[in-house]
Amino acid sequence: MNLNLLIIIPAITALGIVFSSGLKQVRFVAFAGAVIQLVLSFVLLFLFQQERNAGNNEQFIFQATYNWFPSININYHIGVDGISIAMILLTAFVVLAGVLVSWRQEKLSKEFFLLLTVLSAGAYGYFIALDLFTLFFFLEVAVIPKFLLIGIWGSGKKEYSAMKLALMLMGGSALVLVGMIGVYFSGTNSLDLITNAQSSIAEETQRIFFPFLFVGFGIFTALFPFHTWVPDGHSSAPTAASMFLAGISMKLGGYGCLRAAVYLMPEAAAYYQPVIIILSAIAIIYGAFATLMQTDLKYINAYSSVSHCGFVLLGIGMLNQTAINGAVLQMVSHGLMTALFFAAIGMVYDRTHTRMVKDIGGLLKVMPFIATVFILAGLCSLGLPGLSGFVAEMTVFMGSWQNPETLYRVATILACASIVVTAVYILRAAGKTMFGPIVNQEHLSFTDAAWNERLAAIVLLAAILIMGIAPFVVTDIIYPGTEVMMQKIIVHQ
Amino acid sequence: MSAYEIIFYLLAAFILGNGILAMTTTKIFRAAIFLLFTLIGVAGLYFWMQIEFVAAVQIIVYVGGIVVLIIFSIFLTQQSGLEMPKATLQRKIFSGIAAICGAGLTGLLISQYGFTNNPDAVLDDSVQNIGTQMLDYEDVGFALPFEVISILLLAAMIGAIVIAMKSKVEES
Amino acid sequence: MNEISITHILFLSTALFFIGVYGLLTRRNMITMLMAVELILNSVNINFVAFNKYLYPDNLDGLFFTIFIIAIAAAEAAVAIAIIIHIYRNHHSIDVEDNEEMKY
Amino acid sequence: MPTSTLLNLVNILLAVNFIAGFFSNTVGDAFGSMFHSTQLIHLEKNILNLAVLVISLQSREWLSTHKHIHEFYVILLASLSGMFFMISAQNMFMFYLGLELSTIPLAALANFDLAKRKSGEAAMKFIISSAFSSGILLFGISLLYGALGTLSYEGIAATMSGQPLLILAFVMILAGFAFKMSAVPFHLWTADVYEGAPVAVTAYLSVVSKGAVIFVFFSVLYTAFEHIFISWYNFLFLISVLTMITGNLFALRQNNIKRFLAFSSIAQVGFILIGITGNSAEGAAATIFFILIYLFSNLGAFGVISLVSAKTGKENISDYKGFHKTNPLLAWILALSLFSLAGIPPTAGFFGKFFLLMSGAAQNNTALIVIAALNMIVSLYYYLKVVKAMFMDSNEMAIPKVNTGFQAGLAFAICMAGLLITGLFGGCYEYIFSIIHL
């Protein structure tokens, strides 16, 4: 299969949006694009499995290379392994749900859907890139749409949040840039992931440039102490943008940490392992406790995202296969769950026009569907068995426990303990807003979810349930991918 | 010390003295006159070096042209007897130190480099030779620069006229 | 004939150059700044002529450079004075600080 | 001839000139060795031709009310021809002559907003500072001539050494160049001149003038001063870092959008210098490529500003609040241009900056790359501030709808197409790289 389709379809969608007028046409084009992309992702999954079953054991399948700038050996190189496919599927689900949720986006609808599409194109391109330049290109493509989405359509102190987010993410990518240049001049004179993975980089060089790459990508995934853009950005963004931000954008970072930083520089990863573990453990605990203090639903989910993304980094930092599998699973699971959560919050907000926990109550009676979605998302977040969150976090814990050193044991236990805190804030928020007495009598007049909202929620819920009940569907694709990577990582430890 | 040397040092003192005065005097008209003397001194230096053509050009263009232009513009734009605004002392000291250090460093490096005069140097600077080379388009010729500078003079002239021309709007 | 070392002529031109630089840095009047520039260009001219005369008499590079610099200086002065006169008509002052509306 | 016919005719002729540039590819010398031509030089001239064409298209609005159109074009083209002679020069003499031909008439041009006080001041500042910088440059050249006895680049390269006096001469020449490129610490004239001069002239100064000087600068560095690379690397490193930082810090606090672009262009020069420190074919290619991109991005921005300024006279960043509501298309053009200046993909600026960094990094100077990366973030902040003003701030007194004429529209189309195509399609960079023979 030609992987370029994954970028071409959003590009065509974007063009279509540019040339259509009025909300109806625009959203139809965007919706059609998202559906086609989702179908395409499943086709990709199917073809990928077929190839694997046919005995194609290459690390990356469907590779394609174009000599972009031959004189300095920069290529447009794409290909997928199981990890990429999982991320692509995640993106397709979230994008579709995001378009559905924004169905009634009256204000500047054309620009809104255009930016969403560009953002998704950046994410797709990022997940299939096998050359650091290509990767970096798509990473940055995805930043500015976020800035505009938050700044134009956001709420609250949107301009501040948008600026903070854009600068911190660009700061992250600037660090990545330095790291990339370090990789290029480490001897291979190439930015190709495969080429660089095959020739090992000198350890001295690794130690200099690993922090750049890891922290650079880490900022995208809320690495402590660079997580401060997350709460502001997520809470100010319009619903669909929050979904994209938490669901996709934060995953760019985790994926990059794994794919570029740890995979290319395993020795340095081992060298810096304690730092990574400590920082991610802090992020988990800090995120959980900070959530306790929040009274705004969006802030609750934003801070809990910091905590959950800490698990991704913790898993990667443990440097063993189970933990890394867990990290990838957590990326997918958290992407779906948080998107669902933000969608539910957005639906509540559209009706009540408040996100404060104290102003809302007893919505289950008024709008049972939305309330159910909200509660399910919360349960997934606190790791209820049967939902995706449980699978992912369990795997991370199991992987982490394999690491016998005291420091890592402590970190693991602390991370486990954070689940309890998560349960507290989730149950408190859900209980107050969904069960409890009705606070505002006006809320009685609200209608339940419209068809587009239902569809969006169902799409995401389905994915969460499938992952929770039959995790092997996902793990089967991911494991071979991480296995190949682990071979290099373990050899070099 | 031969007369030849003495003349050089006198010329040098004349040039530098007038130069300093031109840059430090507070009355603008005096500054222009000191500049005039400096430029005449430089022309004298060319005569002393026996490069008559350049000396003549120096007098015709600089003394006869530019300085007259400057004096003319002084008359047009301000009362020549008035004192000009003074730079602050701090600025003067800073500039003075910068200039002296720069001159000292450059002078030091020049004397270290040890330029030695080419003993059998005979420069053919006859007007005929200059004219021939000026219009020569072969290897050592300056025909192209000659053309280029004519464009330059033309463009500068047009620009100057457009700017300095009195427009009717301003009169009303 | 060649008793004077070229180094002495270079000292003269260097001194003249830095006198010009000093003037440019301290003067706040446009016409006097223009005068400073003329001094700088003159010092360069002395250099070229001296080098050409005493060191490299094979061709006339330095001499021509000087002649062209003089011509360019004339053009420059003409444009500058046109601008000065124009400013004076609009502002009635040509001291840089008087009419400096623009700050860094 | 009525004004509009005249302007149309001029623009058509400029377009013909630009297209004809592609068909003239004679290589060799003329007038002894005074005029030299290679494929690379043709390309550089074509880039400048394109820029002049775009500027001419954009400034139609302003020119159509001006009384001295004929003179404007005569002076503009004289200055352009000066740049051509300068680029084609093979010795310091022709270089100097071309440089003066390109700057002295420009000073007159900077004064072409005859009724405005600032315009005259800008012209004066420009001519005095350029005369001063020529003076320094000339003193350096004269010392070089005295020490080496030659003015041609080849001759200098053959006999150049690390003697202190020669280094001093080199530093003086470098200072002269720094003035013309407005690199720190010789940048003080830039903002005032950019603000005061008419927008068309500012655009010309910031793109064509600067571009031409940079073309010459790196070719002189790479040919005449090739052998003292070790000496100039540190100077250039220092200048580039200072230029970037100063440009960025001052750009942060500007209110006037022309001053803002002036400081941003200073910062861009710092970035270009990073590429030049690479001292390699990659460095040269990256520099030319970046200038091509810089042309599109800067002229895109100046085009919008020029239109707005000609129609409403507003030039402050705060005037641009709510610009997107009234002029969505122009707002997007300005935003894309600014993104390209900030180096954000998929605009071409991203590729340009990346290649500059890559060629600079070839000297293994990690500090330089880190500083550059940090500066990219700072610069992003102020570019985004303008974008924020246009898209996010509300304004009762927003700039009313501005009509884009056909010609200005064409200029925008050229800029935007250039912004998107030059980077994404690698052929452009590869072509530049292939014709560089150092």
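Every chain is named by a letter (A, B, C and D) in the order it is written, and numbering of its residues begins at 1.
In this section, contacts are C-beta pairs under 8 Å (C-beta built on N, C-alpha and C of every residue); 3 or more make two chains touch, one makes a residue touch a chain.
The structure presented is a predicted model; accordingly, all values stated were derived computationally and were not measured.
The chains in contact with subunit A and with subunit D alike: there are none.
Work out the mean CA point of subunit A and of subunit B, and you get 70 Å between them.
Centroid to centroid, with C-alpha atoms defining each point, subunit A and subunit C lie 65 Å apart. The distance from the centre of subunit B to the centre of subunit C, with each centre set as the mean of the Cα atoms, comes to 5 Å.
A separation of 27 Å divides the Cα centre of subunit C from that of subunit D. Residue positions of subunit C touching 2 or more other chains, listed in rising order: 6, 10, 17, 20, 34, 50, 55-56, 64, 68, 72, 75-76, 79, 82-84, 86, 90.
In subunit B, the residues that touch at least two other chains are 106, 110, 115, 140, 142, 145, 149, 152, 156, 159-160, 163. Chain contacts: subunit D has residues 93, 97, 100, 104-105, 107-108, 111, 114, 123, 143, 146 touching two or more partner chains. Inter-chain contacts, as defined above, occur between A-D, B-C, B-D, C-D. Put simply, subunit C touches subunit B in their complex at residues 1-12, 14-23, 25-29, 31-32, 34-36, 38-39, 42, 45-46, 49-50, 52-57, 59-60, 63-64, 66-68, 70-79, 81-86, 88-90, 94-95, 97-98. Interface of subunit C with subunit D (complex): residues 6, 10, 17, 20, 24, 30, 33-34, 37, 40-41, 43-44, 47-48, 50-51, 55-56, 61-62, 64-65, 68-69, 72, 75-76, 79-80, 82-84, 86-87, 90-91, 99-102, 104.
For subunit A in complex with subunit D, the touching residues are 67-72, 74, 133, 137-138, 140-141, 143-144, 147-148, 151-152, 158-159, 162-163, 166-167, 170-171, 174-175, 177-178, 181-182, 184-185, 208.
Touching subunit C in their complex are the following residues of subunit B: 2, 4-5, 8, 12, 15-16, 19-20, 22-24, 28, 31-32, 35, 38-39, 42, 45-46, 49-51, 53-54, 57-58, 61-62, 65-66, 69-70, 72-74, 76-78, 84-85, 87, 91-92, 94-96, 98-100, 102-103, 106-107, 110-111, 114-119, 121-125, 129-130, 133-134, 140, 142, 145, 149, 152-153, 156-157, 159-161, 163-164, 166, 170.
Interface residues of subunit D facing subunit B in the complex, by the touch rule stated above, are 30-35, 67-68, 71, 74-75, 78-79, 81-82, 85, 93-94, 97-98, 100-101, 104-105, 107-109, 111-112, 114-115, 123, 143, 146-147, 163-165, 168.
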